[in-house]
Amino acid sequence: MFKYTNLYQWGWRLIVATTTLVAAVDIPVRLVLDYQSLGRVTGFDWFITLIFAADMLLNPALATRRGRPARDVLEAQANPGPWFAIDLAAAVPFTAFLALPPLQLLRLLKLARVAEMMRRWQRAELHNPNVIRLVVFLFWLALGLHWLACGWLSLRGVSPDVTEGTNYLLALYWCVTTLATVGYGDITPTTNVEVMYALLTISLGVGVFGYVIGSVASLLANIDPARVRHQEMVERVKAFMRYRQVPSALRQRILDYYEYLWEKRLGYDESLAVSGLPPSLRTEVCLFLNREIIQKVPLFRAASEEFVRAIALEMRPVIYMPGDYIIRAGDIGEEMYFISQGTVEVLSADERKVYAVLKSGEFFGEMALLFNQLREASVRALDYCDLYLLTRASLERTLVRHPEIAARITAIAQQRREENVQRQEKRH
Amino acid sequence: MFKYTNLYQWGWRLIVATTTLVAAVDIPVRLVLDYQSLGRVTGFDWFITLIFAADMLLNPALATRRGRPARDVLEAQANPGPWFAIDLAAAVPFTAFLALPPLQLLRLLKLARVAEMMRRWQRAELHNPNVIRLVVFLFWLALGLHWLACGWLSLRGVSPDVTEGTNYLLALYWCVTTLATVGYGDITPTTNVEVMYALLTISLGVGVFGYVIGSVASLLANIDPARVRHQEMVERVKAFMRYRQVPSALRQRILDYYEYLWEKRLGYDESLAVSGLPPSLRTEVCLFLNREIIQKVPLFRAASEEFVRAIALEMRPVIYMPGDYIIRAGDIGEEMYFISQGTVEVLSADERKVYAVLKSGEFFGEMALLFNQLREASVRALDYCDLYLLTRASLERTLVRHPEIAARITAIAQQRREENVQRQEKRH
Amino acid sequence: MFKYTNLYQWGWRLIVATTTLVAAVDIPVRLVLDYQSLGRVTGFDWFITLIFAADMLLNPALATRRGRPARDVLEAQANPGPWFAIDLAAAVPFTAFLALPPLQLLRLLKLARVAEMMRRWQRAELHNPNVIRLVVFLFWLALGLHWLACGWLSLRGVSPDVTEGTNYLLALYWCVTTLATVGYGDITPTTNVEVMYALLTISLGVGVFGYVIGSVASLLANIDPARVRHQEMVERVKAFMRYRQVPSALRQRILDYYEYLWEKRLGYDESLAVSGLPPSLRTEVCLFLNREIIQKVPLFRAASEEFVRAIALEMRPVIYMPGDYIIRAGDIGEEMYFISQGTVEVLSADERKVYAVLKSGEFFGEMALLFNQLREASVRALDYCDLYLLTRASLERTLVRHPEIAARITAIAQQRREENVQRQEKRH
Amino acid sequence: MFKYTNLYQWGWRLIVATTTLVAAVDIPVRLVLDYQSLGRVTGFDWFITLIFAADMLLNPALATRRGRPARDVLEAQANPGPWFAIDLAAAVPFTAFLALPPLQLLRLLKLARVAEMMRRWQRAELHNPNVIRLVVFLFWLALGLHWLACGWLSLRGVSPDVTEGTNYLLALYWCVTTLATVGYGDITPTTNVEVMYALLTISLGVGVFGYVIGSVASLLANIDPARVRHQEMVERVKAFMRYRQVPSALRQRILDYYEYLWEKRLGYDESLAVSGLPPSLRTEVCLFLNREIIQKVPLFRAASEEFVRAIALEMRPVIYMPGDYIIRAGDIGEEMYFISQGTVEVLSADERKVYAVLKSGEFFGEMALLFNQLREASVRALDYCDLYLLTRASLERTLVRHPEIAARITAIAQQRREENVQRQEKRH
């Protein structure tokens, strides 16, 4: 976020912007409704002059940022000529010297400064582009409509039958009905100049309409990108299933799975979002994402913070459905698993005997990695299981630096192995 | 899909929603057309009070789900304060205490509850987002139009010349012509307040219009995603052919191929859709997709279910056109093929002799894999051929676990080899 | 493309469709303008009856396709019930039995058959989806407008002041101005029923408008996909250059390069389009794309067709700009090059001496591949060069099967090598 | 860019185009407002005839391009028949022979030539497709509106009450209000022909509207693609963080990082843009992108230009945040780093001692690469650090060709190593 050196900067810019806006709304109205008043120098005129003059002096001083000067500021300082001319033209109270009301419109040049402030604010706020773009657009649209209405009123002439407010309101009403292509037709141009003005307004209207429609569509598409991504994924799978006429029972099971993914917030491919970050942030994010499993597994709770950080980067979530084989006896083992949620059963190779049922917080599959042997038992999910997987390479890389954890894992694995041996002896 | 514990929940929520909707339609109309009637307590008023009060008591009890409580419910229970205030304000029959008709509008607060129900329903139904979004939007649009019409009618005053129904219909007609930017101009605002109301309606209209156009475009694009994917693929190939000025005869053959793909429903890259699934679902889907070939090949029909499951995961469909060489004598063989549809001929290395013609359900290319030798014969497609391919690695992985199938394949291969030897001896 | 067994089928279907359309246009008009006439049985009535009855009998016979029956036909034959009812209702000349004109509208049911024909035609014509979709949409839009106009006319009543044609034209005019949201307001609904009809028309209009705008946008985007792809590529590069403020001289050279790519039609990544094709088509396409180089290189002109086919699949186009080093002396060589267009110079390792200048049709870089040695000379592009590259692996794979070409390439390489040796001896 | 052989070509084509446009605007207006004048041969008529006749003679001569003839020109020359007929019909002064004013419209055929010029210009200007497409569209839209207005005026008849200019303006006004779907309704068609003309105009209007809206949306999306890319990246990360409920402190740090990326213009994946370029351009771009680091590092400033070119292609920018470990003691080192901006500290393996603090222009991590040893020290970022990374393979590839640089790097590394040894000895 763009940070001014202090609140005074913000405050000052706000005062300048507000003054400019009041002038931008007020001067055209008075030009149309009360032409003579613009020729007189009022207190408000002097106030504007004061504010704009002060801004001219303060601006260069304000245009530095904490620490490193911003690219924008450097650019602005590089060509101060035009800005100076604009600031000057807006600040001079021409009314005091020449009684020529339209010269007051020069004060509206200061809007270029406001536009630049908004552009800078917009650049800083990269993070909500659609909303900010729409707000900025609506701001300029409202100002433009005001000017269009003033222009229409000046062409049409102020009707003495109704109040000034009603006159202005009807002009605004005509502009809006025309821009929005409603075109009731109760107020229509009569003179040639009015017709030309109407043509201009309509041309603007089509562009504005196109912009609004495009922006609304874009806004809609970005309200909840995570949901959109999930829906696209589901849509793709559904299209495939319709296309190949997958039977409806299987379809339902697949859709249930995706619903489970969404409810557990697991359908999002985090690697995509995380991979762009520098190492320290990546570690923080992984620590946060895997905090649940780290708090559950007794092994990790006791470990040093450094080990936890290292392991957090390596673990990857996987989901199994009830009945899925996670490990099959006889396979070559390349991963070990930590259970975050759900229950698994450890089965003998012939699947006749259940050796153990493991729950949330426990781990399995480490023996094949530690002793370099084939899987000795099968493991099957009994419920929806959220597991965290650690590959052989990750485990070895991490344990090399943390011999104390390596010793504890080996101890548990050794104990399990002995139990297995006893079981097998008992059977024979 | 979102499952309530039982039908009673659904029923009750439906009753509450219906009552709320009737009140939301009825109260504004009476406020405009029959202001006095709202001051009197009617039977319907007491009915609403009863229903809303009952809902306040029942809501916490209903807000649990079978098995695991939903994230939404937990969130809703976490901040019950605002909900309680809303429920209470909607339930109190103010008319009974204060004869102030506009207070009845507080009952419309209950719509927030209906909105929440719909939002929840929408979340559960992730699977048809475009249609549901449009339906929900049309529902709120209709309700909003009703309120806009009531507002217009109250500003404009009820004309005594025509019936109340006609009065309402004309107000609705004005709203719709304005929102849709048609703007006939037969009814136009006259007072300042009406003009402002019209401005508001027009501004809403542009947004609504943008939303409808964006939604219709999005709906159109998602009617048949499989077809859209295929069309994009064809479009890309056609652009390439135009660009490089491929002759029209070749173009036609290529387009014929894509038509064949589409008709046989083979143009869809299934790996994309299937890869995201957990193992058990992936197996089921592959079993289903390859069911045809599994039923056709005698070897598979006799095999155990476990073998069929294993092989289904490994086979990959390929298509050859008439005249394509599938295997060339002298090459190193890395795949074997099962014929799903079409005919192939087995040729001698010099292509002078046809050894055999194989049909749907037969397989070939296994010898190079089993005996680790170069291809001894060429195989050429005689027709459009839908084959299933099995790589050497897949075959070996699968046969290790199923020695009985390995033995049978080896026997057939051995027999074919002997025939080959005899043929070659005969020739010399 | 969908192929009927013969022209008779096409002809017959065309006759049925035309008859149905004439009836669909004619019957509503007569219902509004000449109600009584529908009660009389005319020759046209009997003609329709005849045609529709004949179609009922012929349809099952026609619904088979040459060779394999289409999926659509099978589906249609599977549930003939509804189709039979529709055909029957449309064929019976109710006017002959009951003098009830509106019953004639039942004949419009036959449009369901026309819709089905068009849907089938649309499915077959996967290849121009946007245009066909728009044409079909415009067809139904025109028919719908006709019906809407008839409906409006029947509500409004036929004005006796003007001719029947003018009456109809004004009704159509009202429908179009309303659907297109123009809404002049010279014709507005007056009775309640008319207002409701107008509301319906406006609602339709918004949907139709959304559809047209979405379709036009989609059509625009697909007029020339190759150009769009190229423009996106250029746009991406330009954004990058602006972003990193690449100096304008370098920018211009890069844009020149992309212009050259576009003019030579080389900017399209053909692998994307070709990779999806089965082997025989891929060969044909590669042969076509590389035909220029194959005709130019004397080595290839003399070779067998089989060799040319094999080499066409392996060659890959590359472009070098003037001054680019294609080969640097001392490097490990992994590719050889054939010159399609442009000139290159062969330089000594110290770049002091130009050994040779090679032109279109010649090749270089083969020595490092054949004799397994480091690059002995540098090669530099003198002009924009379109080369075709052949990797070591590709060359070896191809030459193994074609010893006669291998011998000739080796001979040329040998000769060049000797020249090199002589040159070096001369220098020392 | 499309380059004519000289300015004369440009000039001549401009004259022809301007003459054609004046005729295209003038002739329809005179046909409507001053029908008789078209029957007389004016000086302007002879001027047009002269220009068009001269163009017919000059065209073939002009249609060659510097160096290689353009594909378009070749196509145009291939079928000169139609072009000749068009040119002739436009050039003949029919008014001189036949006093039939409408024949003058044949001169508008020359617009086909102008259209072809613009199409060619558009093809050449691939580089700003959206803007050029919109300009071309607006040009034809303006011309079309002019013709539509003339047509309307001829149907409606010229009103003698107002001037000719007003007559034309009102016709144009009607066309614009109709095309833009505003439809005030103050001018509406009265005769049947006018109604049909209005229907045609409205139909055109819907298409034009769709086109404008689609184009505006497309233009908006392409104003700043680099920003759009960055915003999409940030949006994706934000969606992920919301989805997984990352705590807000961590969120803020991640967003700060992306803001830093954007401000430093480092968020753009340059490999994407650069990879498509031929070698010489790629080198130039890399030289430019890495110019900052090349100027800062003393080692590079002294090196030969060839070395700098080679190294520029190999270096890759990386960013580290304060506190990130860039190197950890004990790891296997595969990269060395050059500091572009920021400060790093070199720490002993136990992190108790700070060996050195390195600043912009210095390098580190070279020892592990040169002496094939494990990392002996840790390096940690003290600030936001923009580093350039060189892998072991890149370094070796480059140093082989530049032994003088290799010697200097080795010397510095040797010196550092001795310092390390001394430090370690001192400690013990």
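Of note:
To keep things simple, chains are lettered A, B, C and D as they appear, and every chain counts its residues starting from 1.
Throughout what follows, contacts are C-beta pairs under 8 Å (C-beta built on N, C-alpha and C of every residue); 3 or more make two chains touch, one makes a residue touch a chain.
Just so it is clear, the structure is predicted and the values come from calculations on it, not from any experiment.
Where subunit B touches subunit C, the two copies mostly use different residue numbers: shared numbers make up under half of all numbers in play.
Chain copies subunit C and subunit D are related through a rotation whose angle, from the C-alpha fit, is 90° to the nearest 5. Look at the CA centroids: the one farthest from the centroid of subunit C belongs to A. Put simply, the C-alpha centre of subunit C and that of subunit D have 26 angstrom between them. Subunit A and subunit C have Cα centroids lying 37 Å from one another. The geometric centre of subunit B is 26 Å away from that of subunit C, both derived from CA atoms. Each of residues 181-185, 209, 213, 215, 217 in subunit C touches at least two other chains. Taken in their complex, subunit B has these residues touching subunit D: 181, 183-185.
Residues 1, 70-71, 124, 126-127, 129, 178, 181-185, 188-189, 192, 195-196, 198-199, 202-203, 205-207, 209-211, 213-215, 217, 222, 224-226, 229, 265, 268, 270, 272-274, 276-281, 284-285, 288-289 of subunit A are the ones touching subunit D in the complex. For subunit B in complex with subunit C, the residues that touch the partner chain are 165-166, 169-170, 172-173, 176-177, 180-186, 209, 212-213, 215-217, 220, 227, 230-231, 233-247, 250, 253-255, 257-259, 262-263, 319-321, 323-325, 330.
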